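A, B, C, D and E label the chains in the order they appear, each numbered from 1.
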């Protein structure tokens, strides 16, 4: 019986992901394709928004994954700080660019959607604002990683940044809501009764959300493998030099 | 004990023991890891393997850089470190390192050797028993090197210890000399574990 | 610790030490904004609280890289880390010295610049209060950012990038406090939130900063 | 000279070298100002040209001290001064490298930030044109300021203080050009004046900068 | 010739003459003005009195600081200076100073002695005939000092000249030695004119 922590061994992780990664990637592509095709071509147009409503199938999944990626980085950083498993630090590193791209997709699709809906590309709505701030946090995190040579030092420093940053990101979100009332929709996918979105939209939306989540997993696995290989190369080169 | 820098093990299998009144001179070619070893012993970085049995608040460390503030005067620079370490005698330290004539000159306007003397005078105000010195006599002239040797001797006589990395003869014939070359870390035999990034190989 | 504080203050007031320059920057920003934006009093009055707070924030930001970088370059930081004072204490003293040399002058100068920017009369008190409460948080958060980037060669602007998002809550509540004060709206919640951020940062961040410096010196 | 240019650019894109960070600062300012000033689109649109120009100016300003200070600290400037290229050439190359790493990215990013600040649609073209014309002057003037303060220990903010007054004409004409473009007023005179300032600075200031460096190295 | 630093005259009445193939070693206690003299000769500051009969583009100057860019690799650092001086052979210079194994290491990660060797390798790519070196062998180990002496000898044999300020023995017995102590500037007799701020006296 193997414990979960054994996957923190890079060799074990590589061996498992050897087969897991292609599977995850394949499933992710299929599910996302189904969700998006269903959403784009087999749903009715909204009576007010017309066909622009279909941006939701990109917008909401990417927005969700943007937030979840940060949460995953936070968990991975905590694991690194507490148990010092290299794989988890590298996974946090690999997740950041993916989260950044998800944030950019959410911002971009939101802007494209905002043009017909609100008549402007950008408004200082609290949701949008806190997303922009999240974007800055991702940028800072990635910039810090790339500025440090030593991998363990980098892992430590970025982990601290991630912890402190999370607190301040939550504060910022609160501040943004304190500061302005917004134009943006509330969370209409909540489980409370009186849901506002029709099942005709909801079902494909759920599918494409699952697809995005799987894409995220596949990309993080791939990124982590790359980081592990880079680290291994470095160790081998150092060893060679000592000989 | 082993130490590493930038993820590369440098020194392995070294074990050191200093007793009161003893000085040890570390020698070894450029880049063999003297600075790294001293930083590790001073508690600035963790050892790769092994342990250091030394209270960290016993050590006064002097690095390649002198830690001087360019806009403060010689006296102010020293007085600051004296206050941090709980008050050594600044005037006496300046006298010992032949800096009295320069006491109001800003550190910016000292020559290379004068800066170095000021960096060494800092040791005298720390009151710490173990001195770890990284090439202390760089840019000193012959008279200053002799002065420095006297100071170290005084420190040893008062029961202190000194660990000095250097390439130059210090005029301290009574000190033991340790050559670090034989302790150079070698590539570990496969599967044997060199302690570094093992998990990735 | 007191020796460290006096040394840092003394260094700051020596030639090129940075004292008063944060202030000068604040002043110059207050001059530049009307030049860039145009002279209409109504527009200026509307943006004055925000601009003054953004100015204070930038003035702090610009002086952050001096907090540790100089000590790191000349080797003093290594020596301080091996000295008999806890690194948490060093970090706190450094943040305090930064506040005295940067934050405090800003607080004192802000009313004057409020006049330049047509700040409504009722808001001057709130401006001073909000800066007095908020600038310590700016110094402490900034010290954390400076500690994060200390080993990196001239992290100057990287430092800005890391610290600015952390500054956002302070900025929002601070500027909001002044704006509400100017408009005669209730100010209590903004005041409490601002005070809360400052108290929280001062209590917790020094530990994070000290940890980060230890990592960086390694 | 080309070697110097490639070296400076390479240093800039290395970790912590400052490339893209001026840009990040510009972005962050565009975020901060609405957070401080409040979200009303009309107010933002009114101040957008001024704020964008002030932001570009500050982003330039912050990267100025890297132009010479790093080379001075590690002794390269002494060596460059004794090398077989004229100091005027060195200064020009340094200003050009600064523009490529700071000014040019700002020009390219400005339209995006215009969106954030609700800049009127008609003004986007003028924004790009004015920055394209104005940022070289910012780099050249800034290089002069950096040369003036090179010997002084970390003249960072002193440098800002010296350079900002020199930047004022560029700022005024640049922001005015955008504001007029946004309002549909004639833009020719502002355009010509801005171009004139840039041409004049590029032609004359390198000589002043080289002279000042020679004095500072003495 | 006289030179001054910070408005204080340091060296007076010195006159020097070097011919091709000759090396001159400057000695003198700390703070006597060796660095100031070299900077003056290299054209970085004007002499207080007297003149320098030397085309400034004949000099390659190496100061206390090495002028290395921490984030550039060893090769990139050298290649830059080679390009500035019109293309010396970078690979050969690295080989001569025993840096070939480090060519892709960032200068940041070199030890003190390795940095210094890189600073000296820069001289080889300048192709300049007159070398002015300020304590070139600081932090070098014995093997590197010998290497450096060889390099200087090679330079002299090729018709070059070298002016070296140092406190340490360089292993260049054939070089002339000049002690600067006798040339220390003294307070001029009243009314006689020492060249320094005369107008105010």
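Rule of thumb we're sticking to: contacts are C-beta pairs under 8 Å (C-beta built on N, C-alpha and C of every residue); 3 or more make two chains touch, one makes a residue touch a chain.
Note that this is a predicted model, so its numbers are computed, not measured.
Ranked by the number of C-beta pairs in contact, the top chain pair here is C-D.
Among the remaining chains, B is positioned farthest from subunit D, on the basis of C-alpha centroids. On a Cα centroid basis, the chain most remote from subunit A in this structure is E. Mean C-alpha position of subunit B lies 44 Å from that of subunit D.
Remark: subunit A and subunit B have CA centroids separated by 48 Å (rounded to whole angstrom).
For the pair subunit A and subunit C, the distance between mean C-alpha positions equals 32 Å.
Residues of subunit E in contact with at least two other chains: 64, 70-71, 108-109. Along subunit A, residues 133, 136, 139, 143, 147-149, 179, 241 each make contact with two or more other chains.
Annotation for subunit C: residues 15-16, 70, 73, 152-153, 155, 158, 161, 164-165, 168, 172, 218 touch two or more other chains. Residues 15-18, 21-22, 24-25, 28-29, 31-33, 35-38, 43, 46-47, 49-51, 53-54, 57-58, 62-63, 65-66, 70, 73, 152-158, 160-161, 164, 168, 171-172, 175, 179 of subunit D are the ones that touch subunit C when the two sit in their complex. The touching residues of subunit E, counted against subunit B in their complex, run 5-6, 28-31, 35, 64, 109-114, 117, 135, 138-144, 167-168. Of all the residues in subunit C, the ones that touch subunit A in their complex are 144, 148-149, 151-152, 155, 158, 161-162, 164-166, 168-169, 172-173, 176, 189-190, 193, 197, 205, 208, 211-212, 215-216, 218. The touching residues of subunit D, counted against subunit E in their complex, run 2-4, 7, 10-11, 14-17, 70-71, 73-76, 78-85, 217-218. By the touch criterion stated above, subunit E contacts subunit D in their complex at residues 39, 42-46, 56-57, 59-61, 63-72, 76, 79-81, 83-86, 122.
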